[in-house]
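In what comes next, chain A is part of two complexes: it sits with chain B in the first one and with chain C in the second one.
Up next is the complex of A and B:
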């Protein structure tokens, strides 16, 4: 391992091959670091909790056909009544949106109605007093809505509610040094104040995209039922009854009123499907990056095996001479391992710089986060180990070259 | 001579099957990954109306002022859609060659057969100039007239798909279709028209859409019939009045607008008219701020709305990175392979082969690896394009297609890239000194 000088001299005679391997290692490291970083970010996103108990939950998106926007109130009431009485149903609500639905309603929350900038954006869920039990959201302070606080209003006419329940994250943003419970805030631009009557531990916004990351857990529940031609039902089944109500609930609704459609992709979904659809592209990108990483590492390893094998074949006579002059098998093995390590180190140094450079460029282009140095360090170690692993087989073959080779072919 | 090189190349490749397989695999996977991601990128970043996109413009007017800006809006961008008041003012002024305000609708259509369920379709309420402006192809009939616009005529243009569903694909011009409970006369049936991205209404469609636009009705008719908008509504203030009428009187934005301006003079005239309009509004007290308008053509507006998802760009870049690594890898292996045959080269050179002949021989070999890699790449690209839907959202994945140009490009990239990778190894091979090689044997 200590005889570095002769190795360097030998490498100088294979400049092109050495440079190509080092370059390949550098590029592989740069891409793998960034790809792994992207994978980690995406996996981080898709494992975020919604704040709901996601098992035994069914979501139905309903669109009324040929019914006036103002006239859907009684129809929704009748639907809710029927759903809550359906066998296997624990509870059900009608809402404009729910976590991970994709589309929803966001508003700026302010301390002061005249403030230019809101303290935070927040998603609005217009629900009734059954929301907490249906969603499985945990109330950590204050109280739930009372049934007499629920008002019915046409979607576009919603102004503000006198009572609201907010998430802890939003409470912390509004009142970093205390609790928002009992305080007054403004959720629309109107001068109508809303009093925070309850705080839930956690609820996620309807969106999964990066643009909503800054307020992904800022939610306001308002005691309002919106009428309009479009809305969702969230239904909690009794344990083990989800499959049954997935079949019976839509049939019940159609029996209740035929003037409706459920969209094909997003009409009737268990929450498992909702989650899978919401994070489809995140999971897909993570998968793609994973496949590319695996390919890169495999190709680089195979390239090292191929080129080193060639070098071993080329140097059989020299190896034979060294063996004849007293070098042990161990020395020969060490020679090739060290040689690879030297090339590897050159490669990872360039690669690490390249990885950081690519990341900095991506930060400016794609609003990506800064690459953490642990990824670079892990990548460096991984590629050096990969190189040593790849070189092992040809190096072992080299170490088995018999000293007799020295006398051959002259 | 070429067939001789082919034979030499084949023999050489067969001599080391493992190395050959490795190079072919590397090229195949590298090319397939690049081509698959390219097919997606090509689909989403393409110009939806290339012959006209530089003449179609989207006007933006700052009707909200500084208070309406989001926390991330640092460059003072006005809203990207229009409110009713300003859209109507633009329509009335009629300063472009062709123009249309529009909004997304989702009306119910009742099939003639009363026993069938009513269905929800998607479409747009537009002005008559929408059709000639966007060169919309018709299977039967035509768009409606400007008179139909002003008279709020009950006329409709339907898609070929809806025509199949309602009229069995027959020429339905002149027949009636029931939209939101009212009868409309069909004046036109669209041919196959499904531009992606939906450049005329990016804000409401989000750019890409899996569905087809089924129904177009006159804008003012839709307003008169209170067919409410189905797209996004963004408000900086809560509307003072409720319902669809309240929305029309509010400063909420929900309308898309497109105008055709044929030359630079028309564009600058339209721009100065917009500024004049905003100034008038300022004078009238409606806007408390200086004019802040934008007038972008379709490519610039698509870019501004970031219609191409950054995921497709990132995956294309990563795949290209993979291809480059594969090529570096191939270059290294070819170098080793060629130089191993130094003695053979020495013999050939000593027998009188010029350097050019060595070039021809080895580049043929590299090209053959490229071709084999390309064929493998074709298969893998096929698999890749078919499985894009696992990785990307449906509306984008469905746009990725395997067509002749993609297949040709796959082969071409594979052969050219591998030949390039073989260039340096071949150069080295051609430099082999015949005397040395002959001596050492």
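Up next is the complex of A and C:
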């Protein structure tokens, strides 16, 4: 049995506390909704696929020590030969970069060599004919590189390759109504056209940040092995052999040639580690926002407990009088729960509008996605429940005030 | 209407047990107007709170309107308070956050009465105490006498059979006290049973019957040797 009108009337006489708590609820809802939405989006990023068979991949970042940059070609060739023969290894490549590595090249891709603006940016992976089988990338049209197409060149001297393989995402951007297969496009060098000889289903760029979101799946594979001192080996193990080759592959390389180091945190990594390191800050931000949300909710709950406790203390006599006039314990409990619910409803209405407002502002300022109404609805329910939970203890205390309290003089 | 036999009430604190009432016997008949007097601390308020089911007692029996109340649960006691009993307190006890109309409505809402009937009863009882024009006022905007009349209107609105008043005129000047008493007399004439605690012998004298409480027991004034001294004390303090 809810007696709403007299509760509203009485609340009007306690404006300060009421408005304060309603606003606190509103702010909490607005912030928590948006924060959880951002967290969810961050977490969504964490699980984006790279297009590779990650569970069997090992990445080794190799640094030559005391070897001239021009002289690394034969060393890399010898490493690759050794790695591909190692027990437990399915295939291996040397590449300038790979998905989630962090650093890499991005270049503009153009239809027209004279166009000012490229159609899209894309990451360049300089690989050989073993790339698809090592990465586990799926060729959906055209063909793989042939071994006779692979050229060895110094990084500074790289000129656009005559044959390239691109991802479907890039193909769709270049030719929305058809396929890029067999077409000619221009990368890096406006004078040298590249022909698309194959299309792979999916590969991710090396970067995990939001800045590369507009071309996160646009990749160009070029049949080139770059000499120099920056490359990585990407090694695919046979099923169940990853742990074994994680130990044997670095040893093999050292045995092959001692003139090298593997850095402590980026030297030898399973792809699981690569992924964890790439998304460390995303995970950190999500965690931080989660903690902030939890704290806000706790503060709001504490505020409700505090104010209601204060009101119960202040109204002891009035509660006694109500009991004397026939209110049951249940009526008193209901009074405080209803009072809180009314304040809560006012709070969540303002809060929902505020949440949407904050999101719209972020949409225009930071290209955030639009807040899903499910979040607002869930937030509204959560805050109303939080309010009822917080008010329960003081309300129960109120319901236990004895009717004899009415007779106590002052 | 109200019958207590060998009733006792003990307040226990960590160090002492206080018998606020002991072997307390009283029988108030339907339609009586009884004034309860006695020195401070003698147990008058305690008697009234037990009579009004605001508090439980320690021993003995209490029949209200033929019902033994010691076995009733809290909800049943609330219901009896709501439907059968009207309270008038020395401190008025209006709810400061509610206006006169809403204050009188409180017990009627707990009874689950329909809005139209509530309104009818509220206006009737306000008419009765002569404050119909003050329905929208808040308690703080009324004089003490007016507040007490609103409290009486609130007690009356539910048409209780038993009216319990604890020093209803204690905070009022003589003239206002008299008008409040006249109101109670009117209500009594219409059939309500009234038990009123008072320190004022003049008001007590206007009741049908006087009950005197000393040290938690009812004493027969005509037989008790202490009567004269106690009475003298009272005239002394209230004058």
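One rule holds in what follows: the second predicted complex is superposed on the first by the 367 of 410 C-alpha atoms of A that agree within 3 Å, B and C clash if a C-alpha of one lies under 4 Å from a C-alpha of the other, contacts with A are read in each partner's own complex, and residues count from 1 in each chain.
Here is the rule we use: a residue touches a chain if its C-beta (ideal position, glycine included) is under 8 Å from a C-beta of that chain, and two chains touch if they have at least 3 such contacts.
Just so it is clear, the structure is predicted and the values come from calculations on it, not from any experiment.
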Which superposed partner A:63 touches (first chain B, second chain C, both, neither): first
Touching partner for A:342 - first (chain B), second (chain C), both, neither: neither
Touching partner for A:313 - first (chain B), second (chain C), both, neither: first
Touched partner set for A:244, first chain B, second chain C, both or neither: neither
Contacts of A:38 with chain B and chain C, given as first, second, both or neither: first
Partner chain in contact with A:288 - chain B first, chain C second, else both or neither: first
Partner chain in contact with A:280 - chain B first, chain C second, else both or neither: first
Chain A residues touched by each partner, larger count belonging to chain B or chain C: B
Touched partner set for A:10, first chain B, second chain C, both or neither: second
On chain A, positions contacted by chain B and by chain C: none
Residues of chain A touching chain C in the complex: 1, 3, 6, 9-10, 13-14, 317-318, 321-331, 402-404, 406-407, 409-410
Chain B residues touching chain A - in the complex, by the definition given at the top: 19, 22, 25-26, 29-30, 33, 66-67, 71, 106, 108, 110, 117-120, 180-181, 228, 233, 236-239, 242-244, 246-247, 309-311, 313-315, 318-319, 321-322, 324-326, 328-329, 331-333, 335-337, 340, 390-394, 424, 428
Footprint of chain B on chain A - complex, ascending: 16-17, 20-21, 23-24, 27-28, 30-31, 34-35, 38, 63, 65-66, 69-70, 116-118, 121, 154, 156-159, 188-190, 229, 258-259, 261, 265, 280-281, 284-285, 287-289, 292, 295-296, 299-300, 302-303, 306-307, 310-311, 313-314, 362, 365-367
Chain C residues within the chain A interface of the complex: 45, 48-49, 52-55, 74-75, 78-79, 81-83, 87, 89-91, 93, 95-99, 102, 105-107, 109-112, 154, 158, 166
